[in-house]
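Labels run A, B, C, D and E following the written order; every chain starts at residue 1.
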Amino acid sequence: MLNVNQLDVSYGASQALYNVCMSAEVGKVTCVLGRNGVGKTTLMKALSGHLSAGKGGIQWQGKSLNGIAPFDRARQGIAYVPQGRDIFAQLTVEENLQTAFSALPKSQRRIDPEIYSLFPVLQQMLKRRGGDLSGGQQQQLAIARALLLKPKLLILDEPTEGIQPSIIKDIGSVIKLLRDRGEMAIVLVEQYLDFAAELADEFIILERGRVVAAGAGSELASSQQAKELLAI
Amino acid sequence: ADTIKVGVLHSLSGTMAISETTLKDTVLMMVEEQNKKGGLLGKQLEAVVVDPASNWPLFAEKTRELLEKDKVDVIFGCWTSVSRKSVLPVVEELNGLLFYPVQYEGEESSKNVFYTGAAPNQQAIPAVDYLMNDVGVKRWVLAGTDYVYPRTTNKILESYLKSKGVAAKDIMINYTPFGHSDWQTIVSDIKKFGSAGVKTAVVSTINGDANVPFYKELANQGVSAEDIPVVAFSVGEEELSGFDTKPLVGHLAAWNYFMSADGKENDAFIKQWHSFTKDDKRVTNDPMEATYIGFNMWTKAVEKAGTADVSKVQDAMIGISVPNLTGGMAVMNKNHHLSKPVLIGEIQEDGQFDIVWQTDGVVPGDAWTDFLPESKNLISDWTAPINCGNYNTATKTCGGAVAAE
Amino acid sequence: MSLQTPKHIDNPAVLYMDGVSVSFDGFKALNSLSMVIAPGEMRAIIGPNGAGKTTMMDVITGKTRPDTGTIIFTDNANSQHDLTRFDEADVANLGVGRKFQKPSVIESLTVFENLEMSLKGGRSIWQALLHKLTAEKAQKLDDILDMIDLADKREELAGNLSHGQKQWLEIGMLLGQEPQLLLIDEPAAGMTDEETMKTAELFKRLAQKHSLMVVEHDMDFIEALDCKVTVLHEGHVLAEGSLATVKANPQVIEVYLGR
Amino acid sequence: MTQTKQFGPLTRLLMNDAAGRKLLLVLAVMAVFIPLSNLLLPEGSFFHVSTYTMTLLGKYLCYALLAIAVDLIWGYCGILSLGHGAFFALGGYAMGMYLMRQIGDRGVYGNPELPDFMVFLNWTELPWYWLGFDQFWFAMLMVLLAPGILAFVFGALAFRSRVTGVYLSIITQALTYALLLAFFRNDMGFGGNNGLTDFKDILGYSLQSDNTRAVLFVASVLALILGYLISRFIVTSKLGRVLVAIRDSESRARFLGYRVEHYKLFVFVVSSMLAGVAGALYVPQVGIINPGEFAPINSIEIIIWVAVGGRGTLFGAVIGAMLVNYAKTYFTGAFAELWLFMLGGLFVLTTLYLPKGVVGLWAHLKEKYQQKKHQREAEDNPPALNTETQSKAAPEQQDKLNFVQGEKV
Amino acid sequence: MFTLFRRVFFAVLLLSASHNILANNADTQPSLAELSQKLISANYKEKAQLAEQIALIEDDQAIVILQALLDSRLYYVKNNEQLLLVDSSGESDTAQDAFTLQAVAGLGKRDIKKIGVNNSLRVALRSLISRAQISSKHKSQRMAAAQNLLKSSDDIDRAFIDQALERETDRDVAEVLQLVRALMQLKSDQTNERINGLTALDGALYPEVRAGLGEFIRNFSDEEKLSRKNEYQLAQTTLTDIEKLVSINGYIENLYFGLALGAVLLLAAIGLAITFGVMGVINMAHGEMIMLGAYTTYVVQLLMPEHIGLSLVVAVPAAFLVSGLVGVLIERGVIRHLYGRPLETLLATFGISLILQQAVRSIFSPLNREVATPEWMAGTFMINPALELTWNRLYIIIFSLMVLALLALVLKRTLFGLQMRAVTMNRPMASSMGIKTGWVDALTFGLGSGIAGIAGVALSQLTNVGPNLGQAYIIDSFMVVVFGGVGNLWGTLVGAMTLGVANKIFEPLAGAVLAKIMVLVFIILFIQKRPRGLFALKGRAVDNG
């Protein structure tokens, strides 16, 4: 269970998040929505530890994450798929995947072949350098890499960006599958409303750094308020 | 002023610190001793130490600082010729007094500078004579660092050797950059050059940092002093203390002083140095002796003139004589160079030199060498009526601007 | 700068690509690709990840040299240029503008300065040195700023923008550049559905004066563009036609859309 | 870099440049006050500036101009030249050659045509590349052309081949190193290791007279002011923004249609000429030019001045050059045996605590203050100052010369 | 047998010493003690004559005394002129009586004085001793003696060589002796002797042979060239053949020099290939890390003066630790604040480099420190007489390759290597993958610094161990890394070797200074062709970072 309490985050002097509250439960998908520049990525960075919380706190399974470095969060089972992929350009695909070993005990340091059935292209390109992949291939690699961490909290920042429709569908089913296994809390940033509506158990909507709406996923598709908030 | 100020202008950092720091300490030791004796003219001496950091323009700047800001009465300093060249205009402009304690290429004489190191005729020529006459060397390698001192010295030597009937094919000249560290090819070439069945020697004007790798390579390629002796003009006890001399026994150096010289003055000097540095392994060397002589001459001249005033001291300096550390007396000549004995030593296992040859008496330093056509007719004489650093004895004129103002 | 040996094309296309191949260490990213874009045409390009869409743009803009093939660009003055001979700056100056897949703006210039730099003309050193912002140009910049909704971020450093804002800024820069041919790689990524539609509208307006080549994976966006669609797969054209036809193509469904 | 575009090219120079205006004011005051006080006031007077101080300041001013030259290419265009000392030295040699020729027959060997070192090397006539240097105008032209042409040829090659980043840095270093070795050689005809020295006069005025020194000082101030204005003119123009774009993302600038290699070449040549002028003014004031000026370490030091002052602000380059050199002068005199600790410490502390250099101090303090305020409002949970946040917060201080991965698109 | 042989030989020798001012009556041979005692007051010329006489004495102690004289271990007590043997340390407490070999106690350093030798005396002594050793039991001594004879074939008796040859069982030594004989044969007045000599010299690579042949050819007068045409031509072809062989060997030697120089550059650069190549830190303090390694070697030798041979083996890990730890401290203290700002690492590490230089100057003095070369690294091994390769360089070539291989293994085959690369490519993301970035950074910098320290151990064998050591290598190191292609270990290897060999190709053509300039120009031009170094990384991965 992830709890975010009255979180403020700033970039130097300019504040990007105000008083954000949210939570994400294991076995559920929590969607974060909002237009460009409202602070979604900022929130994800705060969750993954790349930005420090100015005020307020983030708790994961009852323990505060304040001041905990990203690698310790990873070791506590928090995996992050950043917007913009951030794959290791000069490592091969295989090596990119192996970086996840750092957070795993020795016995679990192997690449689960399940990953390849989900993203077959990765298996074809194991020896190619990550940076040489196409945009969509890189996005797939970023997701695969996060999954290898065997996370308990999976943070996905616009994971479908640049991915071909058929694979988006696959990703959708994977997310459902992971949720249904009930071992993982998933936080999903998504602009593509249909996709979000299909997956969301809970949602929040941000507007200029503040949470302006929240509710159950089932309401999302029909919510007029949501539509307005996401309009221009 | 209530003190007499002594400027110390030696690099304490950068590439030359390795050599010059010792001279700074020598001056400080001399000052300390003089003060123990009650100072000079009843005043205490005060040393002003600055660090020109092996940076040549900085030498000029620091000289100006010493003379204008600190108002020192005398400066002991410089090692490389280029640093001296950089300082020269400043001491001349501000009428300072510089004591320069290192062997150099000559071709200079300034009213404001006293040269207490060797001129080429006090080091290079006698060394070559020794090798030619006593060792029977017939083939010569002149190896040097590519800058003015080696170039000039080698030019003089080349001309001298040719005048002695050495053929051009029996002279090999080789230059390397400053700090050259890969000597494989050159040592191998020397080896080849020396294996023609004729006695061959290397005259080394290699300077500074390049020496250690050079000698290490000599040792490694097994060039022994018995086969091809190397005589160096820039390698003294201090340089030797930086490496293992066992494989180098027998190679030579020519200086005006060796630490191993017998004599009361030398023993006393060494003792004083050991107690000053609190290290009884510290060695002494030729530029230290030159500093010692210069300092003693200066104090004597100040006493003689009754003032530390530069112009008066300048006049009083000429003709002053003080004991050498190797015995006998050093005399300051009219050309601001010394008369000193020349010694040749062989490297011993313990890093000392064994003196194997020395001149009968003292050799007067010649500012303008007789072995080059351009300077053959030049002399320097800082006494009336000539009063000129580069007086042409043929045209009877004082050339250039070093003329007395 | 016109082509040395004019290979004359009767119905001059803005962009004529024939048999273009590129390989990286043996991997064929483009495989004998041919395509023609007519003046004022808007063309949507879709295709699986790794199909070679971005590589194609690299080849057109001079970033990557093709191994074989011709790429001919016809400018407004109707002269033809073999793009494979030019470098990036030349191609840009001929009238080809590009938006990158990964948003790329000049991070330590402000939003305004980014746009100012993109404005058409004044590429030479002297012009840049003596450049003066005329009222007309200033007006144009303001219009663009409004259009991309960044007027309030005008003096913000571009590096401080969010992902989507950078996308918009890049589109704005393309507008400022007024190229004859626009190559746009995944403009809708990271935009909300509304914004996506707005972008589609914008492009449709542009298409009257310019030629556009738009790469996207968002089918709603493609549909909104309402134009001819080319499907790339493994470096060459798999299908071409209206969206409806290509969507019905079983091969396209197989490799791209999924069932 | 805000709101400057509404103004014409000349008016914009000093708008938004409060620091620059102050700097120019100080320089102008110096140009008047220092020579006058040196020449007119008696030595004991409190306001008297000694020739030593004036000459020293003159030297710093030359260094400051050199720093501006480096900042122009490094701070604004991302070209890290580790060989800029070469251009400085070439300018210096051009001036030195003129000064040598002025000696005439007053050399030690009294040869009216040849400098002493040539007489000594048995040269019988002046080598062709020394011809013309007896003319002041020609020498001054060479002060600009010698560095300029070298920079042009070198830059044209390197920029056309798209040599960037550390590769460029290293070949500039190779360039200056090669020149160092070449100038050491006596055969080159530039006086070998000793270089050119023992100058007598310039334009007929004795270099040892205080009047001449005062004039040289004023000339240095003027050159610095002019150099500052020229650089300012460049960086505040649109060209300046193109340079920043190139620094940030060279290939993005290309795709926008800017011919990156031309722009780089232009600033590189301008910068080399500024450096040459600095060298030319430096030589008569310090009295010697020798190959040591080509030493790679010297060029690195210039970079250090700029970094200490604050890269990417012309004003910072000036401050940095002055500060570091003053520190050096002071430390080498006052702490002759320990000064390297102090200078080294100064550099380390600057990087740690003044990420934008000395001129960034003010901005830094302001920001710190605001953060504090912010924190106080936030009451608890002081943010752990982590480097990611810091660098995210100020992308302009991130170096786009991403050495390992090449530049970013 | 042995002593008899010696007597014959020296008797012959003595005849050649025409007048001998010190010679006693020929009948009453002076004793060893008497002769030795005279050494104290003799000048160098007289010492040489005394030595010859001593060599004649049938007493093994005679050779011991000559050897001691040669090694500067022969001393005497100042006040009673007792002759002493002192060990090579020169300490008075090791003194023994030269004849009885009884230890002599109670002497101070100032009480004893060495009996000096100079070069010519050393030459004479060595030849006396080595000639005696021509019949030594040890092959190496006989070989040395034979080679020594080669140098002085002029003043040896033919019968002596013939006898020695007869007794010689070892082929190598016999070969040399044959050459000695052949050289003598050249001087013969019998044609077939000379022809035999010439044939025996065929293919001999000793420089003395070339000198002998050269002289032989020069001595032909114009008419002899005609009258003894065959002989003349034979001599000439023999000489040209030899010279051809020699010049081939010269090329091989030069290549070796190039590789050896390359190995030095490689060692100096490998550490930088990590701190700069992998981490992107413009590490101006790299040279000082090398320097620290060299000083560590010095300290290790101070701590174990009795085991110089072992000291280098100990120094390698010690230097790795010292430099590595300093590296870790620098990283934790300074560099870690500067990630994302590579250019500022230049400023900071430059400052650190100044501090370290001064620190060493303050602690160890500005003078160079003496680092001894262990026995096993000294000298050359002879492939043939025209090609002798130095041991130390060979070790350094091997050592540098080992270090490189080890490092490549760590980088490519271990998780730590993967983490290192990941962290430098994208620090925040690496952290999110669970990599302790701070830890990895510190260890990586420590590794690079530690390797620089190891380089210092090797360099201490070649060059100055002083405060400027680092400055001498920093520029070359950067050149190598950049020339090879930043971030590519192979590039560093090939880059270092290319520059080393290029330098050695240019050097014979143009001299050391111009060669260096040419190498620099070569680098500049090469980079135009390959703007990202020899082994450039290509593709999107680089452009899009």
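Going forward, a residue touches a chain if its C-beta (ideal position, glycine included) is under 8 Å from a C-beta of that chain, and two chains touch if they have at least 3 such contacts.
Computed from a predicted model, the values in this text were never measured in an experiment.
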Chain pair with more C-beta contacts, B-D versus D-E: D-E
Central chain of the complex, centres being mean CA coordinates: D
Whole-Å gap separating chain B and chain C, where each centre is the average of the chain's CA atoms: 74
Chain centre separation (chain A, chain C; CA means) in Å: 30
Distance from chain D to chain A - Cα centre to Cα centre, in angstrom: 49
Shared interface positions of chain E, touching two or more other chains: 357-358, 361, 425, 428, 471, 487, 513, 516, 537, 539, 542, 544-545
Shared interface positions of chain B, touching two or more other chains: 12-13, 146, 175, 177
Where chain D touches two or more other chains at once, by residue number: 181, 184-185, 251, 337, 340, 388, 405, 408-409
Complex interface listing, chain D residues touching chain B: 50-52, 55-56, 59, 103, 105-110, 117, 119-120, 122, 181, 184-186, 192-195, 197-200, 208, 286-288, 290, 292-293, 329, 332-333, 336-337, 339-340
In the complex with chain D, residue positions of chain C that touch it: 61, 63, 87-89, 92-93, 98, 100, 102, 104-110, 113, 116-118, 122-125, 128-133, 138, 155, 157, 159-160, 173, 177
For the chain E and chain D complex, residues of the former touching the latter: 276-280, 282, 284, 334, 336-348, 350-355, 357-359, 361-362, 424-425, 427-428, 471, 475, 478-479, 482-483, 486-487, 513, 516-517, 520-521, 523-524, 527-529, 531-533, 537, 542-545
Chain A residues touching chain C - in the complex, by the definition given at the top: 11, 14, 35-38, 41, 83-84, 121, 128, 132-137, 139-140, 158, 161-170, 191-193, 230-232
Chain B contact footprint on chain E (complex, rising order): 44, 72, 88, 90, 116, 118-120, 122-123, 126, 207-208, 210-212, 214-215, 253-254, 257, 260-261, 264, 357-358, 361, 365-373, 378-380, 388, 390-393, 461-468, 471-472, 503-504, 507-508, 511-513, 516
